[in-house]
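Letters A, B, C and D mark the chains as written, and numbering starts fresh at 1 in each.
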């Protein structure tokens, strides 16, 4: 249990990094939404390895196939199953670590939990698992576009190691994000990040960082107190991603160092609508969207796989050392951008449908 | 929808701050667990107002009544319903704000979502809603104690406004936490925090802060990838609490500024068990507990209710100003400690049962 | 687990026959639905004992109290908790059977499952548990009335022991049902059933029977293939009731003895709508309502409690005999009518909201 | 929504009769259960067309592929995805009925619900959808065999049209069931049924019937009152199958014509265990298994597709007539046996795990 997400727009992902393939089944997608494999492939292409010099050189086409739920270019209202075959499998790369737990990976905990694990390439704990999420997120995006044409999500890298970018969540565009390989729409910072990642690769090391997400055009009223608050579901979505360690919405941790008189967002009337002058709330109040831009940030740790000798132990409880080999990302942030975006679309689509179920018919 | 939490140990809370009462129904509690009203009342007493000079002076006895599911001092395996009556209701305190949205409260968003709201005292968005959580958490604690005698949760304040405490999550005890009104087991910091809160109250202002939680004695193997990872469910639990803005586990946001060679936790064998030398992972790897202490932090914003004039608007979309009255906490951190602890117990109890369902019988 | 029902209009019931009380929490009720305690009390009064000579003489006022979720006569969109106190508790009536399993009751199975049971009056297995269902059903009825004014449910007794009534599900009214104590709108049959029940009581025996339910005015399109088909959820709802042994929709078991040429319902156009000439489908095709009257039947076994000596065993595994005492119904059918109706309203309300979530906005 | 089933052993099926394929994802399967494609194929072969003269002559190999969740012959504890490609697609067979609603099929209701449908071969409403159920049922069977070696399910045809077989649920074996093409382990009745089905095919007609299922070796204690009673979940499972109209457990509808003194099952001690002398309860009391054989029956209507002219209407609301063509089963009962069995295994496996979660560790 644990591979399903969402209440009304509900996805179930499957697949290990090695084996038949990875994918997702989406149950609860409304009918008559325009959808084709190209809509999904576009997002998968954003996350796959081999896109640029700073990500893993693995060559995986990651071609998706829609197995069900779509007919003549539109959704049927029935489950949408999407499959991506595993192609570039080299299990022999992993044979060395069959009996050895890689530090800060999930080898030991999977073994402890299940008493068994697919040691080929990380198995279910591989980032390859996120393919199903990205595919489902692309479908959620289509639903949101149909129901709320002005809705948009823009996601970008704001921070890598010791470099911080400056980006305005109210105005940044997806085109700006996609303008460089780092997916950081502050060109000067992006250039520095690029060099830092190249240096980390050269050093056999890896780097952490922060991704920010801006959700614009969500109407007031999304989010379901008291447990399924919008930020609670976003926090869960983000902390369910591999390598994430932290989440904050609006003012985030900075709120801890503030006074109420500094933090509160005064209301005003702008263009006939109730608006806040500031947005320290981050677009949510009491767990419900307030019509302002929803802004959150997610911290990613540096990838655990580094080309340096590390101390570890074997499944037989003997101490040993390990030096990773293979083709890995020295920094996951650029490829994590479409993954964060996909999870965001899933949360928002689910809440849009949940609100639709109880809202008065016009 | 949205008032239920947990998969196997599943709670549903109910209640507004004014009206018949607040409470919870717990479905899925194992049978034959020792439980009485005193076990629950103890935790409720830790969260209620009026305990000390620095919290709200409201006098609410918050006496709980177990309505079902317990017989002759033990659980029956049937739903446990717990009710706390609302007693100290002064709706007239709120009549002034019936038509006015309080800044950074949920008045506007509830109105936007539901088209109606109980304007008396914040209704469902009141912190009084957490009574059901605390009561359920006390039951979860009993279950965990029965199944895993060495399991323990210690929660404490580490930060208020500009004051930071120094506390070791590996050794801090609950007794140390309860030794002062602030629930900060660093006496020097606690003293400063106390004065800062008193000053904030005198200023008609409020303060944010950070709570840390240490979970010790959880066996390796709890957590359900890929969506119900232990840290994902903890993040959701925390962000579902009123006034929270951020969550981090282990290294948290600091991981974003680190290299892999600095962040990885080497494995070693200690006392015959697989252990990590450091604990930047925060006790979870790949979403599953690894047997180390699980450490996370939650940021709380300063309470929105302050005794200062603030700009706002009315439901009729007219701009106005508002000065809060009533008996409010200038800082929620001390009273939030048992609430964070309750949510933590709920998450861990749920995952303990989920693991029990699939683990091999001994 | 197992005390919740419904996906969007989700109820959780609680309570044993003896103890603080019984009740329900409803999560997911749309806001701004007219609701007061009188709406609920009306239905509770239909199910409670002591209404007529043929039902249990226990005097339970069964007064409901709405604890939350309702404000100024309308729902808030927040959880609605409803409590009915246990008043007429005579646990000493049950002390004799504390150690003895009553034949065809749930004493043995609860003991086997939970290793403990509340032996006072059947505990959670008591029909008193259905109070929460009836209260929630009354709320569901209000929601359906608001969303679909022409929707109606009529439920009635068609069969007791060897007496069969003749009733047309297309035209029978609730007034006709309530016209006699048996709730059988065929006066001649009702008279015979009344005498049969009186005779059974005199004999210290009990009688089984069948209840039929006609749902009129449901639009085409309710029901969620492939598992949450409308008839599947109705079947589950009915078999979850105490003392039920069978369910059939439309042609039911008679379909097993028919040919396709006899069973198919031809389509025609009537008053501009697609209609079926016959209704052997029972208003559902492929698990989805087709706009015709939904008709189903439920079989109830004779109550297990009879005033005759029966062979049984003790918890200590000794054979013994038992003669029941107390105030019991010799036939549950009349009081089961509002219970069947409540479960029906819950299923239909849930599916109405589920369809609302995916249907195109007009 | 509606394509998932089960709480802990949770399946999600997908697929239309035409398109990429059909299949299932199983989330919550315990790890280290022996499983290979052969275990699944065996059950799929029992349900596929073309097995004998009395079922559809369509030639579908229905080869399954396990995409994930299994490694080196055992389950991993991660989601198990199983895919069966659609091969023998002849959409042109269905083009004639693209605009015409087939009587007693789901064409009209799918159109009403979703505003769109895959008209090729019944789409999601095709019996081909049950492939995912049968595949998942084969996995559930492996889990049950591992956890409870003496557990067994035997399912068989007891009735077709006017022919009734005589079979003892306590002793019938799966080998006897598989001994003839009808899957009716009363040879004389099987012979008559065979001829009746051949006659129906010759007449262009179809026949209904009844399947009975005997579950032996379930321990006392499975089932989760009050809504997830064992018989309630079985009823839902059965009524979710295509073409089913009725369900009864134990005495079933016959209970309606009985007195309590005739119906009650006296307890006795047999071989040191609490047993009932009779089994009118059908192995469940209060929604929980009592250790006796669980016996239930399901009624199937005659297939709606018959080679006779029938009145119907078009999507454009014009009256017309229709004569079906293609390769259809004149009676679904023989092929429905493994499908009923699969759903039964799913329900029982789910409840076995649910009980495991709350039962005391030995």
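Quick note on the criterion: contacts are C-beta pairs under 8 Å (C-beta built on N, C-alpha and C of every residue); 3 or more make two chains touch, one makes a residue touch a chain.
Just so it is clear, the structure is predicted and the values come from calculations on it, not from any experiment.
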* **Between B-D and A-D, the pair with more C-beta contacts** => A-D
* Computing the C-alpha centre of each chain, which chain sits at the greatest distance from chain C? -> A
* Asked: Taking each chain's centre as the mean of its CA atoms, how far is chain B from chain D in angstrom?
  -> 45
* Asked: Any idea how many Å lie between the Cα centroids of chain A and chain B?
  -> 26
* CA centre of chain A versus CA centre of chain D: separation in Å? -> 39
* Which parts of chain D, given as residue numbers and ranges, touch two or more other chains? -> 1-4, 8, 13, 28, 31-32, 77-78, 113, 115, 124, 225, 354, 358, 360
* To do: Within their complex, state which residues of chain A touch chain B.
  => 1-5, 7, 13, 101, 103-106, 108-110, 112-113, 115, 124-125, 129, 159-162, 200, 205-210, 219-229, 231-240, 242, 245-253, 255-269, 272, 274, 276-277, 280-282, 284-291, 299-306, 308, 310-313, 317-319, 354-355, 358, 360
* To do: Using the touch rule from the top, collect the residues of chain C that touch chain A in their complex.
  => 8, 28, 30-32, 77-78, 147, 225, 353-354, 356-358, 360-362
* To do: Using the touch rule from the top, collect the residues of chain D that touch chain A in their complex.
  => 1-4, 8, 10, 12-16, 19-23, 25, 27-28, 31-32, 65-71, 74, 76-81, 83, 113-118, 123-124
